[in-house]
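Okay, got some structures for you below.
One chain, chain A, links the two complexes that follow: it is found with chain B in the first and with chain C in the second.
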Partner chain A sequence: MQVGKLSKYLAGGAIWGFIVLELIFFSVAGEFFSVSDKAFMDADNMLLLLKQSAPIGIIAMGMTIVMVNGNIDLSVGAIYAICAIILLDSMTWTMFAGLGNWVIPVAWCLALLTGLVLGAINGLIVWKTGVDAFIVTLGSMLGYRGLVFMYNGEQPTSHLNWTLVDFAEAQFLGLHTATWFLLVVTVAIWFLMNRTVHGRNAYAIGNNREAAVNAGIRVGPHMMINFMIIGFLAALSAVVFYSESGSVNPNDGQLYELWVITAVVLGGTKLTGGAGSIVSTFGGVIAIQLLRKGLAHIGADTSTVNLVIGLILIAVLFLDRQLNVKGKEELKV
Partner chain B sequence: MKLRRILAATTATAAMTVAGMAAAETMTIGITQNNVGVDSYQTTYEKAFIAAAEANADVEVVVLDAGGDVARQIAQMEDLIQQEVDAIIIWPTNGEAVIPAVRKAHQAGIPVVVTNSNIAEAGFPFVSTFSGPDNITQGARSAEIMCDRFKALGIENEAKVVHITGQPGYTTAIERAKGFNDRLPEVCPNVEQIDEQPGDWNREKSQQVMEAFLVKYDDIDGVYSGDDNMGVGAMNAAIAAGREGITFVGATNFAVGYEAMAAGTYWGSIYQSPVDDAEAALKSAIDLLNGEELPFLNYFDTPKITQDNMGDFTKPVF
Partner chain C sequence: MTEIIDQTTPTPVLRLEDIVKTFPGVRALDGVSLTILPGEVHALMGENGAGKSTLMKVLGGIHQPDEGQIIVAEQPVVMSGPLDAKAKGIVFIHQELSLADELSVAENIYLGELPHKRFGLVDWAELEAKTNAILEKLKVGFNAKTRVGDLSIANQQMVEIARALTVDAKAVIFDEPTASLTDAEKVVLFEVISDLQEQGVGIAYISHRMEEIFKITDRISVLRDGQYQGTVNTADTNEENVTQMMIGRKLDLSRNEAHHELGEVALEVRGLSCGSLFEDVNFEVRRGEVVGFYGLVGAGRTEIAETLFGLRNPTSGSIFLDGAEVAITSPHDAIERGISLVPEDRKGQGLVLGMNCRDNMTLPQVDDLKAGPFVADGAEIAIFDQYRDKLDIRTPGWKQLVGNLSGGNQQKIVIGKWLSMRPNVLIVDEPTRGIDVGSKAEIHNLLRDLAAQGYAVIVISSEMPEVLHVADRIVAMYSGRIMRTFTSEEVTEENLIAAISGLNTEKVA
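Here is the complex of A and B:
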């Protein structure tokens, strides 16, 4: 029992140990390789780190619930792009012309609503057809991306609103607007997963779907709600990011699903469902952004960054497996 | 008395600081590129940029690549601002999305050089200078190459031209098309442009566009394409259809275009070297930091290249 607990702590805490390791490595390496005189651990740099983690981080929180459920959502990148287009384009619609800057909250709500609806479509299909979420969202990833290109062809959709940019660039209590959104989402989803029936059911369904059905949990609607949550969060991520940059390329958000899943898995969530923690996912998100930022800080190029993240992901999964196998073996004795 | 001493001390310290800065005089320049590795132009650009920076002992560079991702480019801008580099060079992934990030650099007092393709006009107040090719002149020069060729062939009064443009909405595509369309009637008033379609910078797309033109029009004497990549696509369509005697003119001379010129099937283009592009960007940043006044649009020269003078140019590496 003790050993099982220990390995669980090790597995859960591994991501934070890894983050500390990264911080030490980049601080030391930065002294030698970086042309910048500023330390890597500079407070401003760490604040930027949180802010830059927000787009992936906000979606990763939703992905954690969906993956704890034993599902996956590959369409988040495409939802992100559609919502960004709705956000920027709706501000130029003639029916809102009289609103002045009040068009901003309207555009936000429209974008969030779009995300909610697209997520609901995913959830409904998974619920009613019983087809694996991987296949359903693979299809919707292609389909939603098709919608993005139908909207404005290959051209970027642009609308620059300086009021919005100023809001997005603002810092409240030292933290950037995007960071606040990330923190609020993290706390909210943590509460949902750890303090509500819905959260408990999410783990139960991921652990053993049949048992959950027998226990009287309405699995279908539950999953649909989770897909709506991740759709909403993908939209929120777009709202946060595109408030600061007034233009969206039709291929924006591509590969986001993979970065999000990488962060979630790095945080220890099982692809098979039933296990995972919001706090660790937060750690996974920070770890990836730290790696990107750190490698750029010491002058590595983008391809190296991807290679290193890939290797670390595999190493973490291997380590995780070893720890878990050991834990189980010890329990049997 | 005391006040005077403090003043003296302060002046001395200030003088020493200034002297120290003058002695060091290394400038740190950060660059965030669009998408290195997506094509050989950008790959060569990066190599040339790093080589140029290494050749200059006074310059240290932070070379970053956004991988075509706007979010990453904005993050890189923020990082460079945070690292307090002396100047930032940006090759925008999206001419509008990066404007707020450019404004941030401007507010932090860091001069920004936009390289290769300019950002949208709303961002101009925050940019120190643009370093890149003059696409309007490129289009105009292509028109001149085309017209000169028609005159040499003696068909300048009856020739018919089709035009394949780059991706719609892209500044480079729009400007080149404008340069060509404005200049051609000036130099060859009797040449008629019978059609214009986008080829999206894509060789296959351009080949299809040309195939359609060949079916539609029995008489085509010249084809202008927004770059050689598309030009070679169009040329292949014509060769496949067995149509001869068409003058192909492009822009941004690619290796394939250069080879086709050597083979005699492609007539001319505009020589735009990524090496010149990169060196011009670095030089602009250095000049700015040395306090020189630069024009807002700081173009580097992109000369005409045809079958006649191609010996003066080395084959492009991309």
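Here is the complex of A and C:
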């Protein structure tokens, strides 16, 4: 089965080839169009790229589990915003006034706990009602965003803690704090998916739910745990980002769910569940960030970036379909 | 009816007592009892819809019984789910493959209970060792790490069977285990079963295949329409008696003797192939003729029908309608040219269950029934009324949702839908699957009548009595090829079975 193996290899490794193509393209194009005189593949630029990948990337790891499970979570952007507000606002609460800098871990824990709880709510509804995760999280996306606006109206919530900013801007072994978080989360989730019973069950459930039920896997609680993981990671992403920026707008995190899903799908995870890999999701995250950064580098504006990414997403899925059809024997739809 | 168990019999490993399970509108199980003794192979038989799978679901804890008891080793138990059943020593080998394609053989065998170390880490070494030990026993040609999606269907079935060997089972329930196995693999399976038997495990064996039942089982219990029909010793009975218990009457193997004049050749197929699904298929159907396609599941019958209906593209070969060669590339083409397909999966492919009877019936032609931009209600109702009377569809009215009708009436709606398109060729795939015995006969007569009216009818069926009863000629298929075409005079049960099992390849016509 040479052809099968080749297509499988292409389907699995395509994202890295795509990244190499992007690097070459933007390096060459940058020579002609770039307004800056720095090379695209400048080391600082690449480190910055990793750092900027972190907010989307951390959430994408959670989205991979949820999508391998055969679900989806549209509420991550809203969870991200709520947790950012909790993080910044809680540092100003009077009950924590005496804590000094100890307020930082407290605020972090509060924000992460909020993410965990919001994720658990999603999971619980999916589990207990049996309503499709798409619908449930579409609802919670709207609902959670509503909570954001109820909290502070249209006003941004701001609080700068310089100790926190220093921590967030630190570089350890050359990598920014945010990058470290992304890497640690990636490794941890990779470990979860490939080495633990929970991770393997996630594949089984997405692959053949009935088989999983027949084998006695408790599908509902399993899915709820995954929604808690992605809620936690959305919170973590907010914690990492807003520790540095110190100000959150009520619209922050909007469309994050779509960027995250795009990255995960580019990485080869099936929308129907059952297949997907953390390493490829990491590739998908990098590929998107490269594209955004690269297009900006050669002077394209944001709307062009969105158009190009949209086209590429469809092209990738079309390619994937072509590589995965079973030839002429397939039943037409 | 109660079973006769003599005093010397050992303690049953599993007993079901007067199980009743009702679903809205259906009494799926009506006082079913079953006793599985240690070391016996106990066949559970019944037609489709007799309640076998519901019984298994009750036993597996997927459904809870409304009445009655499940007794394992003389202890009444409540099964909370499949894992609970397994923990109590009841293992299921499912008919529909219950496997996750993307996972390895080992992960599938231990699905739901992967061996693990601390922190939920999978113990890969143990997993592989345990799996390989089981695979060795089954003498299969793949190993623990093979991806299940890369295995043949038969090997996937072996993976399913391997699951039974992972626990200290008291009773193993095999649900049509040989449906996709080759003869060599069947031998291995039967060895596995006899090994389990020697270890004192009780085996429940669900199958339609009489020759297997009489070869390996000790006792036979029969269900009909959710009711327990009794248990007999295999040695004291024969196929005819068992069949009679299953269908409640003597098997009517008589053929329809009322021959009528056959018309012109309506459909001719020459050298039709589609990849590995079927190869070099040749046949013709005349007006007024019913041609039966008989074979095992996966023999390529449905795929031929789908190709004729434009759902698949043939790789080679030609199709002639009324003598003229045609290319059919889509169902739209097929319908235009007068080919209709009543599909195998009535609920999934044939009907929109949430729509009413009338709308289902006129679905393919609603475009032609327009009055201006709007759908013409009156014309639709007229069509519905016409075919309701013609096919004797029993429904309170056209507003009734199709999902609320009985299987037989649903099938009539599908047939009516296609008849109203005035086809030349009517292909009916498994016309009576899941339909009760009474309605079956009605559908059979209907198909005969339609032929008599000049339609060319193709009936695909996995039930031998059905093809024998309905068809003028029978095309026997095996593994994507037509092995032989029988006229109703030539056909006997033996030569038909031989043909569909690929046994008499030398007789290829």
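Please note the rule applied: the second predicted complex is superposed on the first by the 322 of 333 C-alpha atoms of A that agree within 3 Å, B and C clash if a C-alpha of one lies under 4 Å from a C-alpha of the other, contacts with A are read in each partner's own complex, and residues count from 1 in each chain.
Assume contacts are C-beta pairs under 8 Å (C-beta built on N, C-alpha and C of every residue); 3 or more make two chains touch, one makes a residue touch a chain.
Note that the structure is a prediction, hence the values are computed from the model and not measured.
The larger set of touched chain A residues comes from B, when the choice is between chain B and chain C. By the touch criterion defined above, A:Ile217 lies against chain C but remains apart from chain B after alignment on the C-alpha atoms of chain A. Legend: residue contacts after superposition of the two complexes on their common chain; A:Thr304 is shown touching neither chain B nor chain C. With both structures placed on the common chain, the touch criterion links A:Glu169 to chain B but leaves chain C unconnected. In the superposition on chain A, A:Thr272 makes contact with neither chain B nor chain C.
Chain B meets chain A in the complex at residues 28, 36-37, 60-65, 67-72, 74-76, 78-79, 82-85, 93-101, 103-104, 120, 122, 167-169, 200. Remark: chain A residues 34-38, 42, 44-45, 48, 51-52, 55, 153-156, 158, 160, 165, 168-169, 241, 244-249, 251-252, 292-293, 296-297, 299, 301-303 touch chain B in the complex. Interface residues of chain C, counted against chain A in their complex, comprise 60, 62, 81-84, 86, 92, 94, 96-103, 107-108, 111-114, 116, 119-122, 274-277, 306, 310-313, 315, 330. If you check the complex, the residues on chain A that touch chain C are 195-198, 200-201, 203-204, 207-208, 210-217, 274-275, 327-332.
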